[in-house]
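First subunit A sits with subunit B, and in the next complex the same chain sits with subunit C.
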Partner chain A sequence: MNAWIEKQRHLIDFTLASLARRRTKNLGLLLVYALLVFVLASVALYTHALRQEAARVLERSPEVILQRMVAGRHDLIPPGYLERIGRIRGVQQIEGRLWGYYYDPVVKANYTFMAPAAEQVKAGTLVVGPAVARSRGLAPGNTISFRAYSGKLFAFTVAGVLPHASELVSADLVLMSEADFRAFFEYPAGHHTDIALSVANPLEVRTVAAKLAAALPDSRPILREEVLRTYASIFDWREGLMLALLSAAIFAFAILAWEKASGLSAEEKREIGILKAIGWETGDVIKMKLWEGGLISLTAFLLGFVAAYVQVFRFGAPLFEPVLKGWAVLYPRFELVPAIDGLQVATLFFFTVFPYMAAVLVPIWRAAITDPDSAMRS
Partner chain B sequence: MIELKSIRKAFNQGRPNEFWALNGIDLTIEAKKVTAFRGPSGSGKTTLLTIVGCLARPTSGRVRLAEDDISGLPERFLTDIRRSTFGFVFQQFNLIKGLSALDNVMLPAFPTGRPHRELRERSESLLDRLKLAHRREARVEWLSGGEQQRVAIARALVNDPKVLIADEPTANLDTALSREFMGILENLNAEGRTVILTSHDPLVVESAAVHRVVSMRDGRLTED
Partner chain C sequence: MLFQPAIIALLLASGVAVAMLAAAAPFAVQVIRQWDIASGSERQLQLERRTYLFSTLAAFVMTVQLIALLLFVFNADRMSVMFVGAMCAVGTLNVNAWGFPALIAQMAVFFLAATWLAVNHVDTRAPDYPLVRIKYALLLLLLPALAFAFGLQLKYFLGLKADVITSCCGSLFSGDAKGLAAEVAALKPAPAMLLFYGAIAVSAGLTFAHARTRRYGYAAAAASAGAFAATLVGVLSFVSLYIYEHPNHHCPFCILKPEYGHQGYWLYVPLFAATAAGLGVGALQPFRRVASLREVLPTVSRRLASIAAIGYLLVAMIATYFVLQSNLILIGH
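What follows is the complex of A and B.
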């Protein structure tokens, strides 16, 4: 066992010395390789963290949202619907919600206006999302006016700015009192945008949805798990789009790495001949080259992955943010919570390290089985 | 003792450019003696040396090493024998550029898994013995021809082989360095090592250190 360990140590020593001898080639290779891992890992880490963030934020949203449909389009919930739902077993709370979209021509952006259920916001005041506050330069105490779709001008005082932590979904949010909301949009009294239901037991959500569909055939229940799935697929799609856009560059990098790894110079072939002549077995030469490939690919993988981690979680992925996040017109600004998916790392490792090892091994195998007497004739 | 029986060696066998480098060699090389193969270029000296040193297998014929027939052994066993029994000094020295003299000397012992410290001490003592202790950390390409050859000799001795094989050892050396080499060779032989070399340098083949000269031409032995 000790001899085996010593032998591996010798092989690693020789490998490191060999790498140092061809410093320029190996550094270039390491750089290209690390860059490839960096790009792939950045996209993977960022989209995974976005998915996690969306899931985390949506955890607090209602389990079921009921929308009324007219001719296949979302319509207002008329008075009496809340009463018609009545008491459904398993539903903890039923709440009619008021929200709508407002286009602000000043910053050419869409806001989501909402009236929270409880009287959290006093009449004449607003609580705005962080992106709205940023784009309009608002701070608590400021006054802002919006021209309603009816043409009337409404002035409000900013009572507060929503916390930064929930920015992913609240960036463009403007909260106002129910009275202000109805006046601003000329919303008919007793009508709501949709109905939110809280269900305590996740196993009962689908049963509640089925009962709702039966009780109100013109309405459609939207489950939170479906929203989460939609978010996940949006981020999956963005990740795919990003990778498709980058595929040419990734492919070029991969070819370069392959070329560098698999190209065996005449000098390297000569050295393999010498090693065999002085008593190295074919297996020893291959092991040594495997150590070499392993050291390069692991170092590149670690460098690329750590750089991607720092880029995504420390600097907010400035390179890929616009494509991967793409949030309407107002870009949310938020700190992603570091999240790493083991399977994702394993997949990335498999698709970057293994092809490299194969690229190294094939030409080495060919060179390593050459007759040792070639050294005598060089 | 190394015994060669009806050794023939072909290159590119079965192709239009087939070439027989050795054409029936019968030879016994005595242990603990210095044997030199002499002959013009293309006479088969080096090919014979590769077969004796287990670097290549004969196309036909038998090679016996101390009573054991080694001509049909698979590569792995041949490598073991080569590593433990033979040490090689090549005509071009064949040192690994970019590595220090000490690293080059240690190389043949790496696959044996000998403890690093022991290996280092052994390599340093060999360099010391060959008056190269002060150059052990120097890269081999910075050494002179004579120094490079001494590194090659130290490398050949690191696994303490019974047989030292040298191919045209003085081809790249001037007279003084050639004499120095023959002196080293004499000492190694005095330690009980068998030395087999090829040369057409009179300074080698006519040296008192060489016990037997085997002449070759066209892949055959001509006279002793």
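What follows is the complex of A and C.
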């Protein structure tokens, strides 16, 4: 075993020295390789972080949301629905929610107006989300007026700004009292936007949903796990699509690697010729060349991955953000929590190192079988 | 669901592997028909040169297949969030009829690839390449196996559609369900432990004996295959129970999940390595009388046997550790 390790060590030593001798050629390849890893790793890291973020956000949301449908469109929950649901075993809490969208022509963006159930907001005041506060330059104590859809003007005092930590969910949120909400939107009394139910046992969620659908046939229950699953598959799909588009780049890179590996300079040919003349076997030359490919791959992978990590988690992935994140006027600003996923590293490895190694095998062999005399003579 | 990064990677790996082996097939036929190490003809020289290429190629393909198995299981476990009712890899693999066949095919390819690599290794270390014909004949046999595994994977991944209700591990591996997996799971912990420790002891003993005395090669390989099966039975019927600390949860895949600290990998990686090495010992035995392998083969075979013995001991130690540190009591004192 020791002899084997010793042999590999000497091979690596030799390979490194020979790589250093042809610095410019190898540096170019390394750069392109690292760039490819960088692009792919950025996509992978960013989507994974987004997926994590979505999961974290939805963790606290109600297990089931019930919407009423009229002619296939979302409609208000009329009075009496909450009572008709009654008591369902396993449901801890039923709550009618009040929320809606308001288009603010000043910043050309939509806000989400909401009246929280537990009466935290005093009449005539607002609690605004961080993005709203930023775009309108609001601070606690300021007064702001909105023109309602009915044309009337309403003035509110800002009582507070929601903490930055919750920005992903609360960026465009405006909280107000129930009375203000109903007056502002002229919301019919007793009506709600939708119903939120919390279910303690995750195994019972589907049963609860089935009971709801049976009790209120004109409504549709939306499960948190469904939302989560949809997010996960959307992000996966976006990532996969990016990778599929980038596969052209991978292919081009494989061709480049093939070209680089087969375009041996006269000096390299002579080197291999001398090695074989002094007793190296074809197998040894192949091993040396494989080490060369392995070392370049590893270096490029590490460089590219670290660069991608820094780009995504230090600078917020400016290169791929618009494609992967989606877009909105009041998009939440959020810090991504650094997360590395083993599966993604493995996948990335398959996407970069595997094509590279597959592409250089034939050129390596071609180089290795050169006859010593013909190599040295040319 | 083709636009899933890990799925693309897996299909890429299998597709390239099949393409590479298919490209090597005509050459393999040529080697089988025309190889003659004693000849100094131009053709023989050509063949000898080309064997370097195709041996490296095949070794590369096989190594990739070893990693692909890990990625396949890892990915199946991860995708379980996409399917209603799926809680771990079992649910994902059950989404359509091709999931478990694809996994089993990938496992078969894993062991075939490992044994091929063992044969290849001894062959390249002998000066006259005595096994070259056999090696390439095996390669021709491996090609359809790989293509079949690739086809199953493709079929499985193409048939995946998020949201199909699948049976989760709770119903497949619970005590009253029917089928082989359930029968095994229903094995009582005590006989399962006996089987597990017995099989491990026999295989570790035989591989160790082979490493020391060079005998019992076939027996060691057979015991390795037996120990592999016995360990899977053991995981189903008691190891997993101790890890989950739950008397009815038999799933062999949930132990791979982060909730359980990825403990399954500690068990499965040595198990697969040991079994591959043990089978490799068996694959080498028919050639031990070949003149030019007299020196090389026993060394390699002995090393493989040591790896297998150490691997099985590790498996036993890790499983024992899981049982001892668990709070569950399955067998009363």
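FYI, the second predicted complex is superposed on the first by the 345 of 378 C-alpha atoms of A that agree within 3 Å, B and C clash if a C-alpha of one lies under 4 Å from a C-alpha of the other, contacts with A are read in each partner's own complex, and residues count from 1 in each chain.
One rule holds for everything that comes next: contacts are C-beta pairs under 8 Å (C-beta built on N, C-alpha and C of every residue); 3 or more make two chains touch, one makes a residue touch a chain.
It should be emphasised that the depicted structure is a prediction, and the values quoted were computed from it without experimental measurement.
**Student:** Can A:Ser233 be said to touch subunit B (first), subunit C (second), both, or neither?
**Tutor:** second
**Student:** Which holds for A:Ile274: it touches subunit B only (first), subunit C only (second), both, or neither?
**Tutor:** After superposing on A, A:Ile274 lies in contact with subunit B but is clear of subunit C.
**Student:** With both complexes superposed on chain A, which partner does A:Val205 reach: first (subunit B), second (subunit C), both or neither?
**Tutor:** Neither subunit B nor subunit C is touched by A:Val205.
**Student:** For A:Lys7, decide between first (touching subunit B), second (touching subunit C), both and neither.
**Tutor:** A:Lys7 sits against subunit B, while subunit C stays out of touch.
**Student:** Please indicate which partner A:Ala317 is in contact with in the superposed arrangement: first for subunit B, second for subunit C, both, or neither.
**Tutor:** neither
**Student:** Mind working out whether A:Val362 is in touch with subunit B, subunit C, both or neither, as first, second, both or neither?
**Tutor:** second
**Student:** Looking at A:Ala17 after the superposition, I want to know if it touches subunit B, subunit C, both of them or none. Which is it: first, second, both, neither?
**Tutor:** Only subunit B is touched by A:Ala17; subunit C is not.
**Student:** When the two structures are overlaid on chain A, which partner does A:Leu30 contact: first (subunit B), second (subunit C), both, or neither?
**Tutor:** In the superposition, A:Leu30 contacts neither subunit B nor subunit C.
**Student:** Pick one for A:Asp284: touches subunit B only (first), subunit C only (second), both, or neither.
**Tutor:** After superposing on A, A:Asp284 lies in contact with subunit B but is clear of subunit C.
**Student:** Show me the subunit A residues, by the header's touch rule, that subunit B contacts in one structure and subunit C contacts in the other.
**Tutor:** 282-283
**Student:** Enumerate the contact residues on subunit C facing subunit A in the complex.
**Tutor:** Against subunit A, the touching part of subunit C is residues 1-10, 12-13, 16, 20, 49, 52-53, 56-57, 60, 64, 67, 70-71, 74-75, 78, 81-82, 84, 124, 162-163, 303.
**Student:** In the complex, go through subunit A and note every residue touching subunit B.
**Tutor:** 2-7, 9-11, 13-14, 17-18, 20-21, 267, 271, 274-284, 371-373, 375-378
**Student:** Would you pull the subunit A residues touching subunit C in the complex into a rising list?
**Tutor:** Interface residues on subunit A, with respect to subunit C: 1, 44, 206, 225, 228-229, 232-233, 236-237, 239-241, 243-244, 247, 282-283, 286, 290, 342-344, 346-347, 350-351, 354-355, 357-358, 361-362, 364-365, 368-369.
**Student:** Where on subunit B does subunit A make contact in their complex?
**Tutor:** Residues 46, 49-50, 55-56, 75-76, 79, 82-83, 88, 90-92, 94, 96-99, 103, 106-116, 119, 155-156, 159, 167 of subunit B touch subunit A in their complex.
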